[in-house]
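Which chain is which? They are A, B, C, D, E and F, in the order written, and residues in each are numbered from 1.
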Amino acid sequence: MFSVTVRDHMMIAHSFHGEVFGPAQRLHGATYVVDATFRRPTLDEDNIVVDIGRAAEELRVVLSELTYRNLDDEPGFKGVNTSTEALAQVVADRLADRVRAGALGEGGRELAGLVVTLHESHIAWATYERSL
Amino acid sequence: MFSVTVRDHMMIAHSFHGEVFGPAQRLHGATYVVDATFRRPTLDEDNIVVDIGRAAEELRVVLSELTYRNLDDEPGFKGVNTSTEALAQVVADRLADRVRAGALGEGGRELAGLVVTLHESHIAWATYERSL
Amino acid sequence: MFSVTVRDHMMIAHSFHGEVFGPAQRLHGATYVVDATFRRPTLDEDNIVVDIGRAAEELRVVLSELTYRNLDDEPGFKGVNTSTEALAQVVADRLADRVRAGALGEGGRELAGLVVTLHESHIAWATYERSL
Amino acid sequence: MFSVTVRDHMMIAHSFHGEVFGPAQRLHGATYVVDATFRRPTLDEDNIVVDIGRAAEELRVVLSELTYRNLDDEPGFKGVNTSTEALAQVVADRLADRVRAGALGEGGRELAGLVVTLHESHIAWATYERSL
Amino acid sequence: MFSVTVRDHMMIAHSFHGEVFGPAQRLHGATYVVDATFRRPTLDEDNIVVDIGRAAEELRVVLSELTYRNLDDEPGFKGVNTSTEALAQVVADRLADRVRAGALGEGGRELAGLVVTLHESHIAWATYERSL
Amino acid sequence: MFSVTVRDHMMIAHSFHGEVFGPAQRLHGATYVVDATFRRPTLDEDNIVVDIGRAAEELRVVLSELTYRNLDDEPGFKGVNTSTEALAQVVADRLADRVRAGALGEGGRELAGLVVTLHESHIAWATYERSL
C-alpha cells in the first residue's frame, strides 16, 4: 500500500459542552496542524499516488472553510462538540466529497482511503481514517 | 476508526544482556518520549474518543512507576532486556489494565485498541499495538 | 553563557483590529507552544541554571492565567492586539515578575535574561527576549 | 504487533516527466529523511524486533546506493518518475532483499513486514508498506 | 528585542567543487526547509513586528527564484559553491533588498535585522544573520 | 555571522546530589539529542563555515567518550552533578579542544564560537555557548 501525506493548518475558536471538558467549556481556541494522507494500493501512470501539489490545494480549500472562525457560530456545528477527533472526521469527509467529485482528477477515484490527523499541541493529536 | 494520542516521557537507566547489544551492555540510560494512542470505532456522547486530560493523566501514572529509576534494580524486570519495544508493551499493557479497571470511565470500555510508541532518540523508536 | 529552556502550551481565542490582519480580524484561536529560556552566565552550587522542574512549574502558572480563555474578554487586553509577539512579551514579563519575587529561589535572582518563543503553527513563531 | 523504526536520509537530484509535475519537470533535488519500520508479531530471544544498530546499518547501506546522485542518470531509473512514493518502494524492496538474504541474521527472517516513509519537506511525505 | 519567524522550503539540485566535499562533488540535491526571522526592537502601531502573512509571502517570492532548479546552471552561481550557509546568505540578502524596497511596508524599514536558517536534513542546518 | 549545526545523540545513566533534584537523585538516565553549532564571521575559500561531515565526525568522537556509560562511575565526574547544562559545557569544551588541536583543519582555527544544546526530552533542553 502506498500513501502520500500533506500538512497544512487552521486556527479556530470554539467551546465545549459537558463537564468532562473542565476549563475547555470556556470559549478558547486552537491551532490544528492537519496531516491528510491519501492511500492507494498501486501507483498511477505518472508513478504517483496523487499529485502532491493538487492534494495540498484540496486540503487548503477544505481548511479555508474552517480557519479564522469561531466554530460555535457556524451553522453546521450548532450544538456539536467540535473536538479534535470530530474535526478530523469533518476534514476527512469533506476531502472525500471533493475527491469523489473529481477534484484530484480521474486518478483520485482510485484512492482506497483517507487518514486525517489534527495536532492540537506538541503533546496531543487525534486521527480519523476512512475508506473511499 | 478514530484515535486520540497523548505524549509524555520517562528517563530511566538500564543495561542489556547479549552480544548483539554491543556497548549497550554497559549501564546507560534513555529518555523515552512516549506516545499513547487510544482507538475507538465511534465517538461517545460527548463526541470524543476519550477525554484527552484523563488519557494524559493515566499515561502519567503509568510512566511515574518507571521514570527516574534504574530498571535493572526493579523486581519486575529481573533478567529481562528492557528494550524499547519491550517497554512499549509494558506501558501498553499497564494502560490496558487501567482502562479495563475503569480509569477512563465507562466510555473507556468502548476502546478497541492501544498503540504505544517509545522514541529513544531523534533517529530510533519502537511501537507496540494491541487490542482491548 | 548557559541557558535552560522548558516547553508548555496554551489554547486561546482572540481577534485582531487592523486591516493588515485580513481574516484574522474575525474571532478565531490559537494553540501557542511556548518555550521559556532562562539565561545565566555561570551555574549555581548545584551545577544548574535553574531547577527544570521549578522553571516548568513557573511557566505553567503563568500560562494558566491565559489558557482556555477568549483574550478579547480579558480586562488586561482591552483594545490590545494580542499578536504572537505581544503575547511573548506578556509571558516573559510575567515570568520576570515571578523570578524577581523569588519564585525560583535565591538562585533565580542570578538569572541574566529570559527568552520566550510562542509557536503559533508549524510555519510561524515569534520571540521576545529581555534582561532580568 | 511490534515494530522498530530507524531514521536516516539521502540527498538526490532528479526531474519528472508529465505535465502534472509543473516546475518539478525541471532538474531539481530533494533531501529525503527516510524512516524504515520493521514489524514482527513477537519479540526474539533477546527481547527485540531487530537490533537497532544493525537495522540502521542496513538502511544506511541501501541509501548509500542512492544518495549524492542524479537519479536521472542511474540506469535503474531510466524513464522512471522517481517520485517520493516510488522511491519509498525502492528503499523498502531493497531492504526486503537484504533481510531475506540474512543481513539482519536469522531473526530477521521472522519479520512480518516493512514500512518505509520518505519525508521530502516539513509539509509532505510518502509511505510504502509491504509484507516480508 | 522581538522577532517573528516564518518557514517555507525549496528543492534544488547542485554539485560542489573541492575535495573536502567528497561524494557531494557529484550532482545531487537538497530540500532546504527555510526559516526567516525578522527582528525589531519595538512593536509597530498594530502591535506586531511584521505581518506574518506578508513576511511569508516575501519569503515565498525569494524562494520561488531558487526552487525547482539546478543551481549549477544559474548564471548567478557560476563557479560558486552553493553550500547551505552560502545559500542562507543569498536568501537573507535578497529578503533584505525587498524589505529596503518597501515590500513589507513602511514598518518594514524599522526592522533591525534578519536571520535565515536552512535545514538540509534532520541532522544538519546552517544560519546567516545580518543587520538591516 | 554564519553558523553550521550538526545533530547527534548520547544515552547515559547518572544521578544527582541535592534536594532540589527530587526523584532525579535516584540513578536514572537520559537520551541527550545534541546540537553543536560552529560560528564564523566569514566563509572560507570553499564557501563554507566548516565541512559538515567533519563537524559531525568530531561531535561523534566527543559523544563516543560519554555515551553508553553511567556518568556516576566516570572519574572525571566524581562528585559532579552532570546536569544537562553542565554536560553542554563539557561537550562544548571538548569540541573546542579538538578544534584548537586542528581536528577541523586550518580553517577550523577561524571559528569564532561554539554553541552546544542538549535536548533531554521534548519539553526541556539546555545550552552552553562560548567563544573560541
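Heads up, the rule we're going with is that a contact is a pair of C-beta atoms (placed from the backbone, for glycine too) under 8 Å apart; a residue touches a chain by one contact, two chains touch by 3 or more.
If you're wondering where the values come from, they're calculated on a predicted model, not measured in any experiment.
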Listed chain pair C-F, A-C or B-F that repeats interface E-F [over half of contact pairs the same by residue number]: C-F
Homomeric contact chain A-chain D: same or different residue positions, threshold half: different
Chain whose Cα centroid lies at the greatest distance from that of chain D: C
Reference chain B; chain at largest CA-centroid distance: E
Chain D and chain E: spacing of chain centres that average the CA atoms, whole Å: 30
Gap in Å, rounded to a whole number, between the CA centres of chain D and chain C: 40
Centroid spacing, where centroids are CA-atom means, of chain B and chain C in whole angstrom: 31
Overlap residues in chain A, where contacts from two or more other chains coincide: 7, 120, 122-123
Chain F residues touching chain C - in the complex, by the definition given at the top: 16, 18, 20-22, 80-86, 88-89, 120, 122-129
Of chain E, residues touching chain D in the complex: 7, 9, 11-14, 23-24, 26-33, 67-70, 73, 120-123
Residue ranges of chain F touching chain E (in the complex, touch as defined): 1-8, 37, 43, 46-49, 51-54, 56
